[in-house]
Structure formats: C-alpha cells, structure tokens
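Shared between the two complexes below is chain A, which has chain B as its partner in the first and chain C in the second.
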Partner chain A sequence: MDNGWNIVVCVKQVPDADDVSIDPDTGRLNRSDAEAVLNSPDYNAIEAALSLREAGGGTVTALTMGPPTAGEVLQVAVGMGADDGVLLTDRAFGGSDTWPTSLALARAAEELDADVVLGGEETTDSSTGQVPPGIAAHNGWAQLTYVEELEARPEEDRLVARRDVEGGYERVAAELPVVVAMGFGENTPRTADLHRKIYAETEFEPTEWDASDLGVEDEVGMAASPTQVGGMATADPVPREQSMVDSADELAEKIGEVR
Partner chain B sequence: MTATPNYDDEFDAIVVGAGLSGTAAALTMAKDGLDVVMLERGPSPGSKNVFGGVLYTPRIRELTDLSDAPKERYVAKKTYSMLSDAGDETSMSIAPAAWREEPHNDSWMVLRRDFDEWFADQAVEAGATLITETTVTDLIREDGTVVGVETDRPNGTLRAPVVVLGEGANSLVSEGAGLKRQDDRDNVAVSAKEVRKYDREKLEDRFHLDGEAGLAAHYFGDGAVGDAVGGAFLYTNKRTVSIGVVYSIEDAAHGERTPDEVLDQFKQHPAVAPLVRGGRMVEYSAHAIPEGGPDSMPDLVHDGAVIVGDAAGLVLNSGIHLEGTNMAVESGFHAGQAIADALDRGRSDAAALESYEQRLEESYVVQNLDHYGWFMDTAAEEKEFLFEELPHALGDATEEYFRMDDRPKDEHVSDAKSHILNASGGWFGMAKKAWKFRKMLS
Partner chain C sequence: MMAATGDTDIDVEAYDDVWVFVEQHDGEVASVAWELLTKGRDLADERGEDLVALVMGEDIDSIPEECIARGADRVLVADDPVFEPYRSDPYGEQFRYLVEERKPAIALIGGTHTGRDFAGRVAVPNHAGLTADCTELEMANDRYEMRRPAFGGDALATIICPDHRPQMSTVRAGVFPAAEPDPDREGEVIDVEVVVEEDDTMTEVLERDVGDVADITDADVVVAGGMGTEGDFDPLWELADALDGTVAGTRDAVDEAGSNRPDRSAKLARPSGRSCTSRPVSPAPSSTSRGWTTARR
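Showing the complex of A and B:
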C-alpha cells in the first residue's frame, strides 16, 4: 500500500448504561431517561485505529449504523482524530439484529475499500459481541477478536495481534483485509484536542448512505433478522455470605471448608 | 488526518460555564448575531448542578419561550416556619390566588439537570456553540488584557475578543487569574441537600397539591440549623422533594457538626419528619454558596472579560430569600448586551464593557443586594435572639396563647406577650429589634 491502510472503525450509539434501569414489574429495560452516548468499548477501538494510522499512515473512517442522531458518535470519533465518518441510516434498517447489521457494515467496509476494520469488544446495550465476526464472515475476511494489542506490518500486508485467550495470550498474524474486535479497556483512549472537537461538533458532516446505496435493501430490517426473543426474566440477586479473615492461614482454612 | 481548522478569534466571545448566567449571556449574544462558544466542564449543562429548587423566571421568559421548558411545579404556596430545638413550630403560610394564575409569579421548582440542558439548547438553537466535557483552567492574558482561555484538553487554548466568566460560586478561574479575591470566609455559606423520591400521588396527598401546584417551605431557628446563622428548606417537585440546609461557613468550620449531620437533625424535627418520611434518597450533595451582598461583589468588568452570576457574587442569601437564579440570568443578559454593543464598536476593553456594570446597577439586581446586604451582618449580631431565643419564645407564646385550661383568655394573651418580650429584651429591646428588622420583610 502506497498511501497506508484504509482503516474503518465501527462505532455505535447506545443509551448511557449508567442511566438504564430495569422495570422490576415488566422486566423491560427503561431507557427513556438515558442519554445517547458512544458505546464505551468503542473508545478502545477508535484509539487502536488512530494508533495504527500513526504507525503505518493511511486514513481512519468512523462508520456507524443508526438513526440520524447517531451522527453524534461519529463526531466523537472525528474529534478524537478520525479523518471522516459515514452514517448508514435508513428506515429499512429498523429492527435489524446482528446478522443484517453486520451485513450492512460489511458492505460499507467493502465500499470504503477497507484494509482493517475495527470494532469494540461488544456493546453495552446488547452484549452479543457478534458484529465484528459477522462483518468478517459476510466478507470472507480474516478476524481477530479479544485483541489486547496490535502491531502493523504494512510491508507484509499483515496485521499482528496479541489476543487474550484462556490462561494467557497468543500472537496471531492475519492477512488483510482483517476485522478486529478490540478488548475492552486494553488501551487508553486519547482526549479530543479542543480545536478538533469544535470542528467535529460544528463543521464536520458525515457521509450518509442508505440501504439501497449498499444494495442491501431486501436483506435488512426486522424481517431479515433471525433472532427471536424467547422471553425475559429478571434474576433476583443471590444473597452472598461475607466474612473478614485476619490472616492468610485462616483464609486457606475457610476455602478448605467450602471445598 | 484531515485538516483541523484553528478557531482562535473565530468566535466573538467565549463563555465559561453553561449554567444559567453563562447561557443567558450566550443566548443574548447569539440572538444579536454574535458567534459564541460555551465551554462547559460537565457532560451536559446542569449535570453538575446542586440547587435547592426555585427558579425565578422573569427574564428567561423574555429571552425564550418557557412553555416547553422542563419545569416541575410552580410555587403555589410559601411557608416560613420558626423551629426550636425543643420541637416547637410557629409558621406562616402564604398562598395568594394570583400565584395560581399564569405566569405563576415567575417562580418554578425545577431540576437543574433538566432545565439547564434545555436552556443551553435554546442558546444553541439561536446559533451558539456548546462544547461540553471541557474545563477551563486559566485565562490567557496579554498586557493585562484577557485574550482567551486555557482548557484541560490537548491543543487546549482558545482565543476570542471577550471571555464571559459564568463559572458559578466556586470561581477558580476568576480567582486564579486574579480577577477576583477568594471569598472571605464569612462571605460563604455551606449547604447540604438531598432529593427524595416518592410516588407522585402520595406526594400530592402529603402536601395537598394538585396539578402543577407546589410548596416552597422555609425554616429558621435552632430547630432548623442548630446555632448557626442560616435556614433550611423543603421544595416539592413532581415526584421528588428537595430538602436542605444552608448556613454560614464560619459556623461550619467552627461548629461540631458536619453539614450532613445538620441536615439529618433537621429532618428529625417533629415538624419536618412526617413530611420527609419514606421515599428513597436519589441524590445527595453539598455545596458552597456565596452569601453575596454588595460588598462581596468583585469588579465585574475587565479588559476582555466580564464576570456574571454566582461567580460575580450575585446571590441573595438573606435567610428569608435565597435567590441567585434570577440574578444569574439578569447579569448574563446585561453582560451579553454590553458585549454586543462594545464589539459593534470594535472594542472589548473594560471601558467599552463598562455599560454591563451600569446596566446591572440600574437593574433590581444590585438594588436588591444593597437592600438586603445588611441582613447577614444584622443576623450575625443578633444570632442568639433570632435563631435561638425567638423560636423558643414563639413556641412558648403560641402555646400559652392557645392553652386550653380554666384561666381566662386575657391571662393567656398577656403571658404569651411576656414570653416574646422577655426574649426581645423588654419593650425597649423589642422596639429596637423591630426597627432593626423592619426591612426584612419589605
């Protein structure tokens, strides 16, 4: 690549988890009071995207699917340093689960000629973690999930990741194009520069695409979503016993009792 | 990265803080066609706001359409109660019919978290820019003139012809930049407040409210805040009640009890406990309030900068009145107009901005502060009488006056009078005090 990689970072607007409560009677999430914010794991994805650009050049484009107001999360990304932002917005997308969502994002990533696509580990409002692997599957690209650290190898057209695996970590190299799900909290997202933030919130305009721009108008929305919600239940907190111990020996003894 | 424009001197004015005063200034300037940026440290305006409860809206109503604003209840009734620490309550209740009619005496219980965000939105709709999560850390000065601000962000300086300081009571920027002395200790009050949530119907039953009507209750005496100079309040919102205490910081520093202990004690007073029983605490906060008065006002106008609202000491905290919202908005409005006039003439020096101070002096703001400025001094001088002896005497006197026994009413009346006379230092003392406090209710 002469001009560096085309890096696409997928971000999502979610209700602020701090403001979401569960109605004890209906078991439904009450999101009405919650501010719409950027999904917090996505900050790590944006930071990783910006670091990749610093290491190997190229551009970072933030990508989101959502209602017109979701443009606000693109402003956050552009404020932090993304070059541009694309908003996929269309009534036809309404009710999409992770399958059509990752399809639309996959088509947009193709459209953007992406070398690397990044996403957060999961979203705070649905916690599936399915979208980045979905993008990889729809496009037949490589995927790296639960990533702790990335190393760009532009001369080899490869991206090396340190991945969190049970009991330790592994280092994997993937051929481009590749989809990355960054682990939550694995890096320290940068603070937006004041002038960049003002630019992002006052002058920056995202590119908008609808379903037909991506050619997916018949493959998105509620009807194209295989997920079926079987039911909702709230779990009562289980009372837990607590006790303080004064020494390690005593602790060992207690653990022995439980076993 | 795509190029980042530089916004130095792209805005006509920078407003520090999107509270009531800052937003009023921004809205006024934006309506006048100026480019204004508001820098707010919170994630949204009002999110860091601690506030007892009544928003006074005369100027806001002129600046913007209030009908869609998030308001809780209008003040339909005010009560003033003397509480003694022995459990007595003597109170007066005011509920003029006119308050039930629009515009409800321009007095609304609001939750600032909701209201400030809405108000800042009005400024944005008028063309102002709001940048949140950005704390101003210092002013940039060149040859004594303020030419911009420094923030906590990378590449964080921003220059503009005028800076409006609407940062509230804890005015670190104005003080740090030497535009203002740190408030004298005894010019600051502390407050502790909690918000309790109730079932709406239960709340309306408990306080006899209907529709949007609400109660603003004020309490004085050692049953309210112990032996400190100050008072306590209770305001009803739609589904919540705000309860708090406000008293002189001198007493807070020297007294034995912490603000939350003072608040707890107040909540246990027999006149108060049934009003705040049950429910769930949803918020607790403690805060400093400048006690204000004309003597604590800093210079409001500087080369390239003006100070508005609480940062300018524009609070009336007389014990009977706790007002700052109206003066915050009023000062922001006058500052905004003065800045627009000055910039119109291509100037931003102190002499050109001077008309802000003049307008404010002509408005009710400074007049009210002058009028009540003496109060805190008097109250401090007469602390024992006002906050300890009087509440007990009133309690004893009313008890005497209404006592049901076999003595004739006349005797009760004269006994009642003597309780008050004793507390006041006899007829002569009473006359002196009456004279001293004559202005309190006028």
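Showing the complex of A and C:
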C-alpha cells in the first residue's frame, strides 16, 4: 500500500445526554430540547483514525448516517483533521435498527474502498454497540471491539489491537479490511486546529449519498429492521436521601440497612 | 407499534427452542452464562420448548454436564482448536451454520465484551433481531418482549421482534440470578459438525493476559471512586472491607491515585463507555456493573 490506508471513521449525531429528560407529566421524552452533538465515544475513534494516518499515511474520511443536520458531526471530524466527510441521508433510512444501519455504513465503507473502519464503543442514545460488528459482518471483514490501542503493520497488511477483555486484555492481529470499535476514553482526542475548524464550518461540503446510491433502498428503514420499539415506559425515579456519617463502619451499617 | 412488515421470507413458526451461548475461556465459564441458563429455563418452560446450551472451545470437559445440571435439555458442543481462544470470525461462522440448521426461536448471550462482540457479529448473517442490555425478558401479550433501559436509564423500552428469528438478546452479568445446579438432571450432549477452518480465519490472537484483574461483574459489592477521591482510595478500601466488597474506580481517578496507592490498591479499575452514558435504572441490578468493568487485584 503505497499511499497508505483508506481510513473511514463512523460518527453519529446524538441528543446531548445531559439534556435528554422525561416530561414528568406526559411521560414523554423531551428529546427535542436536547442539543444534537457528536457521540462522545466517537471522539476516541476520530483520534485513533488520525493517529493511524500519522503512523502510516493515507486518508481519513468521516462517515455518518442521519438526517441532513447530521452533517454537523462531519464538520467536527474535519475540524479535528479528517480529510473528507460522507453523509448518508435519505428518509428511507428512518426507523432503521442496527441491522440496516450497519448495512448502509458497510456499503459506504466498501464504496470508499476502506482498509480500516473505526467507530466508537457505543452511542450515548441507544448504546447497543452493535453497529461496528454489524458493519464487519455485512462485509465479511475482521472486527476488533473494545480496543485500547492500535498498532499499524502495513508491511503485513494487518492491524494489531490491544483489546480490553474481562479480567485483562488480549492482543489480536486482524487482516485488512478491518472494523475497529475504540473503547471509550482510551485516548485523548485532540482539539481542533482553529484554521481547520473554520474551513470545516465555512467551506467544507460533505459528499451526500442516498439509499439508492448505495443500492440498499429495499434493505433499510423500518421494514428491514428485525427489532421494533414496542413501547416505552418511564423508569421510576429512585427515591434519594442523604446524611453524613463519621466512619466507614457506620456507612457500611447504613448500606446494610437498605441492601 | 408497527404492524408486521411482511417482507421477510422467514417462517417464524419453523423456529423453536431457547438457546444460551455459554461463554467460556480456557474452560472457565463466565458466570453470566449460568444466570442465563436459569432465565432461559423459565422461558423455555413457559413456551413449552427445550433449553439448549451452546458451547464452543477446545477440550471442553465438564462444561456440558454442568450446563445440564443448570437447566439445559440439550448441549451443542463445537470442540475444535479453532475456537480457543475466542475470535469473532470463527465463532460467528459456526453460529450462523448452527442457527440455519437448527432454527432457534430465542438466543441469550451475556453482555460481556466477548458476548457483545459475538452477538453483534452473529445477528447480521441470520438477519436476526438483537436487543442490547436487556433487563427484563418475558412472554407477554402473546409474544416475546425484551425490555431495556434507554436514554441513560430514564426510560425502559420494550423491544419486539415479530418477523425475524432468532430473537436475540444480550444481558449484563448480575441482572438475573443463577439457580443452584441439580446434578440429577438429565440431558443430551451433541457434538456438532465444525464448519470453520483455521485457514479461513482473518484474525490471530497474539497474546492474552487475564487473571491479575478482578472481574467486577463477578463481585456482589463494588465500592467505586471517581475524581472526588483526589488520589486517596484509602476510605474506599475501608468501606470495601466493611462490606466485603471490591474496590474500583474511574480511569482518571485510579491514574491519580497512582504512586501513592497502597500495595493492594495497585488495582486499576476502568470505566467503560457506559459510565458516561447511562445512569442506573431502578431496580435493575445491572446497574452495579454499568460503567465499571474491572479492578486490578
């Protein structure tokens, strides 16, 4: 690979987790008040993508699926240093669960001739963590999830990851193309360079693809989604009280009373 | 809410039985698998179906018997070096084959890192529905309903899977209790055909290091510290001793505790993505394991 890897980083726009609330009277989500932001774990994915490019050259393309406003998260990625951005937008995608979402992203990654696709561990809105493995499965590519660290081995056409596993870690080498889900908080995302940020917000225009550009118009949306939301209930808030205690033993005793 | 989509060729009637993926590493079974066998037993009884345990690995000795003692009617064993240690690609391919051959209605998978890595991969080729982090699973309204916290725990969503099979769920450790094994139970152990070859795999595990870190999903009591500890974990250890618990902390807090931590608290504990995303949902016991994964022992 002379010109380095084609690195694609998947970013999702989500309602700001701190802003989402439930209306106590109607029991409905006040989703619309929430500001739309870049899913916070995706900053770690962008950082990992940019570091891979620094190590071995190549390009970083940010990829998102969402309504037209989702272009904003591509601007964030481009501001941090991504070379380009692709927005998958089409009403046909609405209502997609993780199966069609990962299909659309998988087809786009193929279209972009990706060597490495990066994503976050999970999102702050529906937090399934199923999209990165789904992308890998749709394309029959290798996958590496809960990644702490990456090491590029372009001479072997492989990527090596240190993965967090229960009770320790493992190091796994994967053949390209590979899909990586970065663990949340595993690196320190850089801040955007001011000039780059201005470019991202004023001049940068993402490439836009719809479902038929990807050839998936019959395989996305609600109809192609095996899961459906059958209802939503508000969770009862936990009653809270507070008091001061003087020692660990006293605290343990209090905890024992409510356990 | 949405009516049947009707665009699938899947004959849902052709699928039955409840499967549990029994995650094991080097012969050590993840405790959540026993919890899921207990839950799966109840579901299978209610549905009038069998409970099937699925074990993949190499030289799996006593695990199938234990699965039967813990409720399985049948244990499918895929025993081959290609399955040790775990890798998503051979596991995924083998699972796809077994689902196609045997058509389970429901599949339960532990919400560990391995379980989520596996579930996300295997749901796609079978076009199965996969619901993450379920805290309630039940037969209700003539269908299988999976409930999971959403939006940081403020809401509980009911997820259904009307037209696709299997209906898969991941469940975190500690959500459901595990029943005591009954050594007198009887069941059948079936060695299944292994359809994956090492040459077809795309990944290689270079190194695996587990053991010096306590898995806090196995702990009943976790005393956790954040940045408010300002590097001093001693009070946490005191409380943990009083409660017979394990100490954990967020990454930043543990890093800060760094050099001045006493011997035994060279116990790194790390947050996972959940810590920023979800608050506990009452009364889901899964909240104990959300946001904190491991504490180094």
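One rule holds for everything that comes next: the second predicted complex is superposed on the first by the 223 of 259 C-alpha atoms of A that agree within 3 Å, B and C clash if a C-alpha of one lies under 4 Å from a C-alpha of the other, contacts with A are read in each partner's own complex, and residues count from 1 in each chain.
Here is the rule we go by: a residue touches a chain if its C-beta (ideal position, glycine included) is under 8 Å from a C-beta of that chain, and two chains touch if they have at least 3 such contacts.
Quick caveat: nothing in here was measured; it's all calculated off a predicted structure.
Novice: Overlaying the two complexes on chain A, which is it for chain B and chain C: clash or fit?
Specialist: fit
Novice: After superposition on the shared chain, which partner residues are touched by A:L194: those of chain B (first), chain C (second), both, or neither?
Specialist: first
Novice: Taking the superposition on A as described, I'd like to know which of chain B and chain C A:A36 touches: first, second, both or neither.
Specialist: The answer is neither, since A:A36 touches no partner chain.
Novice: So, does A:D83 touch the first partner chain B, the second partner chain C, both, or neither?
Specialist: first
Novice: Which holds for A:A248: it touches chain B only (first), chain C only (second), both, or neither?
Specialist: After superposition on chain A, A:A248 lies in contact with chain C alone.
Novice: What's your read, chain B or chain C touching more residues of chain A?
Specialist: Of the two chains, more chain A residues are contacted by C.
Novice: Is A:S127 contacted by the first partner chain B, the second partner chain C, both or neither?
Specialist: Only chain C; A:S127 stays clear of chain B.
Novice: What angle, rounded to a multiple of 10°, is defined by the Cα centres of chain B, chain A and chain C, with the middle one as vertex?
Specialist: Between the chain B and chain C centres, as viewed from chain A, the angle is 120 degrees.
Novice: Please provide the least distance in Å between a C-alpha atom of chain B and a C-alpha atom of chain C in the combined superposition.
Specialist: Nearest C-alpha pair, chain B versus chain C: 19 Å apart.
Novice: Touching chain B in one complex and chain C in the other: list those residues of chain A.
Specialist: Dual-contact residues (chain A): none.
Novice: Please give the residue numbers of chain C that touch chain A in the complex, ascending.
Specialist: Within the complex, chain C contacts chain A at residues 1-2, 5, 7, 30, 85, 87-89, 92, 112-114, 116-117, 119-125, 127-133, 145, 149-164, 202-215, 217, 235, 238-239, 241-243, 251, 270-278, 280-282, 293-294.
Novice: Show me the residue ranges of chain B that touch chain A in the complex, using the header's touch definition.
Specialist: 1-2, 4-7, 37, 43-44, 129, 131, 134, 151, 153-158
Novice: Which bits of chain A are touching chain B when the two form their complex?
Specialist: Answer in residue numbers: 35, 53, 60, 81-84, 190-199, 201-203.
Novice: Under the definition above, what is the set of chain A residues touching chain C in their complex?
Specialist: It is residues 17, 20-22, 29, 31, 40-41, 95, 97-99, 102, 120-134, 136-138, 141-146, 160, 163-175, 178, 183-185, 222-224, 226-238, 248-249, 251-252, 255-256 of chain A that touch chain C.
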